[in-house]
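Just passing along the structure, written as structure tokens.
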Amino acid sequence: MIHQDRELHEECGVFGVVGHQDAAQICYYGLHSLQHRGQEAAGICCECNGKMNIYKGEGLVTEVFDQDKLKNLNGNVAIGHVRYSTAGGGGLSNVQPFVFRTMEGSMSICHNGNLVNANILKQELEDQGSIFSSTSDTEVLGHLIKRQEGHMIDRICASLDKLDGAFAFLVMLEGRIYAARDKYGLRPLSIGILSNGAYVFASETCALDVIGAKFVRDVEPGEIVRVKDGKLLSKTYTKDSLQDKICAMEYIYFSRPDSNLDGINVHTTRKLAGKQLYYENPIEADVVIGVPDSSISAAIGYAEASGIPYEMGLVKNKYVGRTFIQPTQEMREQGVRMKLSAVSSIVSGKKVVMIDDSIVRGTTSKRIVRHLKDAGAKEVHVRIASPAIKFPCFYGVDTSTIEELISNKMSVDELCEYIEADSLAFISEEGLHKSIHFDHQKCGLCMSCFNGNYVTNLYDSFDKANKFEK
Amino acid sequence: MIHQDRELHEECGVFGVVGHQDAAQICYYGLHSLQHRGQEAAGICCECNGKMNIYKGEGLVTEVFDQDKLKNLNGNVAIGHVRYSTAGGGGLSNVQPFVFRTMEGSMSICHNGNLVNANILKQELEDQGSIFSSTSDTEVLGHLIKRQEGHMIDRICASLDKLDGAFAFLVMLEGRIYAARDKYGLRPLSIGILSNGAYVFASETCALDVIGAKFVRDVEPGEIVRVKDGKLLSKTYTKDSLQDKICAMEYIYFSRPDSNLDGINVHTTRKLAGKQLYYENPIEADVVIGVPDSSISAAIGYAEASGIPYEMGLVKNKYVGRTFIQPTQEMREQGVRMKLSAVSSIVSGKKVVMIDDSIVRGTTSKRIVRHLKDAGAKEVHVRIASPAIKFPCFYGVDTSTIEELISNKMSVDELCEYIEADSLAFISEEGLHKSIHFDHQKCGLCMSCFNGNYVTNLYDSFDKANKFEK
Amino acid sequence: MIHQDRELHEECGVFGVVGHQDAAQICYYGLHSLQHRGQEAAGICCECNGKMNIYKGEGLVTEVFDQDKLKNLNGNVAIGHVRYSTAGGGGLSNVQPFVFRTMEGSMSICHNGNLVNANILKQELEDQGSIFSSTSDTEVLGHLIKRQEGHMIDRICASLDKLDGAFAFLVMLEGRIYAARDKYGLRPLSIGILSNGAYVFASETCALDVIGAKFVRDVEPGEIVRVKDGKLLSKTYTKDSLQDKICAMEYIYFSRPDSNLDGINVHTTRKLAGKQLYYENPIEADVVIGVPDSSISAAIGYAEASGIPYEMGLVKNKYVGRTFIQPTQEMREQGVRMKLSAVSSIVSGKKVVMIDDSIVRGTTSKRIVRHLKDAGAKEVHVRIASPAIKFPCFYGVDTSTIEELISNKMSVDELCEYIEADSLAFISEEGLHKSIHFDHQKCGLCMSCFNGNYVTNLYDSFDKANKFEK
Amino acid sequence: MIHQDRELHEECGVFGVVGHQDAAQICYYGLHSLQHRGQEAAGICCECNGKMNIYKGEGLVTEVFDQDKLKNLNGNVAIGHVRYSTAGGGGLSNVQPFVFRTMEGSMSICHNGNLVNANILKQELEDQGSIFSSTSDTEVLGHLIKRQEGHMIDRICASLDKLDGAFAFLVMLEGRIYAARDKYGLRPLSIGILSNGAYVFASETCALDVIGAKFVRDVEPGEIVRVKDGKLLSKTYTKDSLQDKICAMEYIYFSRPDSNLDGINVHTTRKLAGKQLYYENPIEADVVIGVPDSSISAAIGYAEASGIPYEMGLVKNKYVGRTFIQPTQEMREQGVRMKLSAVSSIVSGKKVVMIDDSIVRGTTSKRIVRHLKDAGAKEVHVRIASPAIKFPCFYGVDTSTIEELISNKMSVDELCEYIEADSLAFISEEGLHKSIHFDHQKCGLCMSCFNGNYVTNLYDSFDKANKFEK
């Protein structure tokens, strides 16, 4: 596993393009730049004259697709998906996009996020005779759309309005793509335009940059957009009140530093969080180091604010891929450590500030602190660029169960002792908010994993989280 | 492609086992012995405490599964499938078994055959809100079962009774397998028992032999069986009249020579057909040769009846697999011919009787005759162990469109000239019937591809055959 | 392993083509048709303006090469090799062809056979400073050539004359191929010509047929040929006396039935051996069956001579490839048997004559007899189309050690009892000789594995056989 | 290709371990951490009771080896190699380690570097009858050792003393490893010790860290070491004068930032070079950015020295692997750019200082400058952390031909204009020297690619560079 050490997992990334003769290829490059959002599976579905050409498989985008497979994906409309996990027992049956076939035509859907009322909706659908071919929430939308009446846009809107939770949906049918975002804007979704006028939709703007698309704007909470005659049509699919509650962890952890979410650059927020972290929790030290890759920006911010030099005290092996043979327990005991190397010549004899983006179960932090001390660090002061995670996420982030969240069980002092650090501090919620919304453009963030203030009703999600077929 | 030269294609083979701790492995060996029925995809689904563990992929059984994948398929009930083709645009989404998930539990289904009223049923289901995730007929059964009421056995029976066409279905749920055969017995399905008392179901008896299972009996037309408390329970799922109309081409072409279908050995029927072919169409010649592999038995029969020696005048390269690089047109013109070699030292200067099992488009026969003449054969007399194929099959055999069936367009004399043979004769329908039912056990055979007397209503099948998404 | 049940193993097949723009492709098809001579590794080397383009790997020809790899092999001269085994500890380093590089140019060599004086020659070469990069005998020839003086043809001839043992060598350098056969003609080597005038060399004539080449003649024992200005030049490389002693097992076991060896068709000799076997060892029985694939011809011969019908009483699964998951011991005990199925409906209650080509360790025969009896055979009479193998082969056949040869330890009666047959008989040496040289063209055969009359001095081969690094 | 954009290429990395039961596994992890030194091929050779167990293949360490392959490599002594390129026409035949087999035993060798007198030595060896099986220089050492007399250590020393050029050699035989470095110390080679007392040798110290080995010391120029009875034995193999002339590009470009070369940390030298670059070539600007990954340290140094904030203005996609489908020309014209993204929100409207480690052909720099300007950068000032490369390297770095080195053809001003930068400056030789030898421990560096002062005679290397078979 590529990211086995990461303790938080985004569920997915989505990408779509409408009106380009090489739609599948554009999709390939777009998904490739969203690879950090999901490494376990990938799929692309292309529509050509009503026919859905689809290919999906387990592995990285570059592992799933080759030249031949891509060439077989004809059509000038395409949607694609990268998936973090194929857990759920269904293997490939849970890999997206999904295709739904009816006598009147086919529809393809992919989705980033998590629905909190999926079970309620599934039960209702089953009571009317529906059966499901996957354990994925995404299938629910297909069934709902089928059961509505009227124009397709109205059927989709009515269906979306029934959903509660976090989502960025792409629905492809009849040569069109419908792109929608949940009422709270929990998951990001951006719109871009290519030089030939083709519109693209992507979970992050880095995917727009990579394919040479110009950023147009973000899809708004509760909005559904589609392209008609080369123009972007917009509609609000619900009468519920809308909120700006994008997931804070998208900034601090999941997204690529070069992406802008709701107009705000990720690297910049991380660097500001690093500075804020210093202002809130200053320490005198010899060097600042960051845990690669996601904490580098924050570490540089901390260094700039403090005047303490930033150094590369931890180096990551970038060749750890799927086929890497894990060290046996015996090897590990002999000191084999593959992913992160602590650089002795940099930390030896030094007072080190170690910046990380988050602590989930605490085991990773504990191990890194030990590595640094083994490499000769005199003191290790841990500074975390997010508040303590005390509550599980139901919006598409896999944070393990509530019992595994160490900040739920330990005070900061206890945790400091547990990870064997010389001091430990988290950024405050206010500090994080200020780092992200430094320019006051937006005012909302979902911080439920820090404070338990969930932005939606949770229905049976707590139960489902525990009973779900794994 | 492994069998690219074959002009007829069976759609599938099915296998199931209930009550064995190594169910997935048993299934692997069973499917492996049914590999000749479908080389394009394979899948196994195992049930373990209500959870469906499934793996499927494109390629041969040995390519799709490895040790690790097999080990992950826990459970003591399993069904599996080999598929001839992934055509239909859906790629892996059409590979079986299918899994249907509901809040009350999961169900897995696989199927050999073809339903003639699938479109009518699909339309009815859609009108009630169903959507489909594949283009396969098999999904229809899952939807029907979901919409029935009462005990599971009654729901399945009521659903099967709605189906028209050819099928051998395996339905797995709640730790049980239900095995059913269509009302006409068009597709074969046999029952066996392992030494530990576990029951197995297989498209052909060769799969029973290979896993060391004892043959119990065949599933009867219109019958559904299941195992309860170690005993076989049987039920007729329909009040319609039942027929014995097993597909004649199963004997002459599709099945393995060591299989028995409805109690009759395949090799034996082929050899008898070869003898009958001689009695009906004798010729004086120097050698009898068969087109490998399926026509060898008939050729030996012809040789025995005629007293003309059987020789190996055509040799097939057995290493032509999926990754074989096809000769370019240029190479082919230079004489590169990979699959069949005509043996000059055997046929040169000889009057040759060439036995083949069937003629579909005529191009293969023409090519083989030319090979033999290039290798020095003085005369080539072609004898075909099946009657002329003049009508398309709607029961699970891919015979191309009616326009491509050369016997639909040419008389025997014209065809003889077209394939450049010195004489050509087909076995008569009566002769074939006699060869298969030599022991009078059974009295029916589906010969619709020879005479157009279809055993079912065809509904919209003719249209569907032409319009179907390929 | 594909042929794990075979108890005899040919070491290799060679193929070469000179003067064709698609030399590598021609080579690919040629090797593919020689695949039965070696399934463990394959390689092709092409010369283009003095540069050696080579690719080799473990696996079948179709597994080692793909379109891209083949395209990279530029040049209009090519030699290739299929290898039975990569044993010897060197892995890929023992896969042929070998390339030898010097400042004056490069040379590529491949080889079928085994040298009996390799160790002596290696020691002499080492004493002069040579080192070896493989454990293969083939390298010896390269070193010898390097150390001769004069014209290249003279250097090669002088080197070949130093070799003792069995070989068919192809040496490629300076745009030419030199093809040579040992002084006894132990290993076969044929010459063909393509329609464009390009000459080809192949271990068996089936490779000529497959690429559309016309058979020209066989290379003679002690002869070296090369093509100059489109003409075949021939030379005898030795003053030693020459013999016609082609390996008898090439006819009875290794070669493809459609090949002609020294002008004699393999299938024909096998069928004659089957007939002879009947004349020498008649038995009254109900059916004759052959062990597929190599014993089918002999079985048909036996059936024709005896008037007993030939039936397909044993069926082989043709899909057992490299990635096949072997049944566990437990599975095997439960009766899982993948490679050969005994057909109950054919043998049950019958007196069966089972024809096989050879008995080496006896375990396979024992197992097949048991299968047949389990399937209901009343009596099983085993007839072997070769004499009893009592001596190891030092000429390129891997017959295991002398201790493992069961006919070395048991009389025919004891062996009959051991394999649990009702009777057992081998063809006589005279009978085999007559079957092969039915037309009196040639008069010699190497039968050393039957009678211990080795055609060469053995030097240290007995020792080497036991001490050789495996 | 993973590193297709890199314009400089190190040839290899070597790793060895002596006296550990899991030698092959240790080697695997060691090589994995040296992967940045060569991504095209990898090999491991293990000695077990005189038998060489070897496996090698094309691709990354994780692609070449799997669990099974590693398990087959028995023995408690092992050497391994990663290789930058399989160029040379020999494919796998050039992949190291090499094994040389003689009647007295086997020897395995691997090598990082390049010999300048290889052709002279090869010619001498050939005149004595040697032939070569690869185009690699490494084979020369094997031949030389074979032709010496006396104790093995003396034979190896005498052979090494004949070599001129850059090298780190590992020679394994008789259960021992001999590790040697060239007389100038051009290529690095370090010694470490595991907790069980096993010694390891590695091109870089990062490989010691990763396997939990303690750094012992570097092998000295002209030194050969081996382990006997758990102790390190050292010998100087030459009477020539020795120099400290390690390759400057090892610091600035090739090595991992966490490695120490001759006791000096790579990241630290890079950061100092960045600072020095500022002192020599200051500029007022808004942001400093580095070209990932190798220029990040220098960029941070420049930022610290200048007080200009360091930002992540260029982001690299870390998932670009071997199977990545390259954009077509058409795609590229539409703006698809996969490897580096310029971050508009960071550079737009800004005066940017862009730090890179080197300029070879200039095309990469030109493209990055254009990306930054396309992303809105107002000005781009390029600062290079190495002096201008004007001369080819003959010591194991593939710098292309002299004609392709743009600094050989253009002045700094011309080059600035060519890459469309607003200003361009290189660090001075003195500045670089000072950055690396900041602590005055060592006094020599090979800077021949900057100033043409080659540390060795070049023999025919200039010619060879042009005539070498590619």
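The first chain written gets the first letter, and so on, giving A, B, C and D; residue counts start at 1 in each chain.
In the analysis below, a contact is a pair of C-beta atoms (placed from the backbone, for glycine too) under 8 Å apart; a residue touches a chain by one contact, two chains touch by 3 or more.
Remember, it's a predicted structure, so these values are computed and weren't measured experimentally.
Participant: Determine the set of chains touching subunit A that also touch subunit B.
Facilitator: Correct list: empty, since no chain touches both.
Participant: Starting at subunit A, how many touching-chain steps does it take at least to reach subunit C?
Facilitator: 2
Participant: Count the C-beta contact pairs for C-D and for A-D, then tell me which is higher.
Facilitator: Higher contact count goes to A-D.
Participant: With chain centres defined as C-alpha means, what is the inter-centre distance between subunit B and subunit D in Å?
Facilitator: Spacing between the chain centres: roughly 59 Å.
Participant: In whole angstrom, how far does the Cα centroid of subunit A sit from the Cα centroid of subunit D?
Facilitator: Those two chain centres are 36 Å apart.
Participant: Which integer distance in Å separates the CA centroid of subunit C from that of subunit D?
Facilitator: Centre separation, subunit C to subunit D: 47 Å.
Participant: Taking each residue of subunit C in turn, which ones touch at least two of the other chains?
Facilitator: Residues: none.
Participant: All pairs of touching chains, please: list them by chain label.
Facilitator: A-B, A-D, B-C, C-D
Participant: Which residues of subunit A touch subunit D once you look at their complex with the stated criterion?
Facilitator: Touch residues, subunit A against subunit D: 22, 25-26, 28-29, 32-33, 35-36, 60-63, 65-67, 70, 194-196, 206, 209-213, 256-258, 260, 265, 267-268, 271, 293, 296-297, 300, 304, 309-312, 315, 317-325, 327-328, 330-331, 334-338, 341-346.
Participant: Quick one: in the complex, what on subunit C touches subunit D?
Facilitator: Per the stated touch rule, the residues are 51-56, 89-93, 98-104, 119, 122-123, 126, 128-135, 142-143, 146-147, 469.
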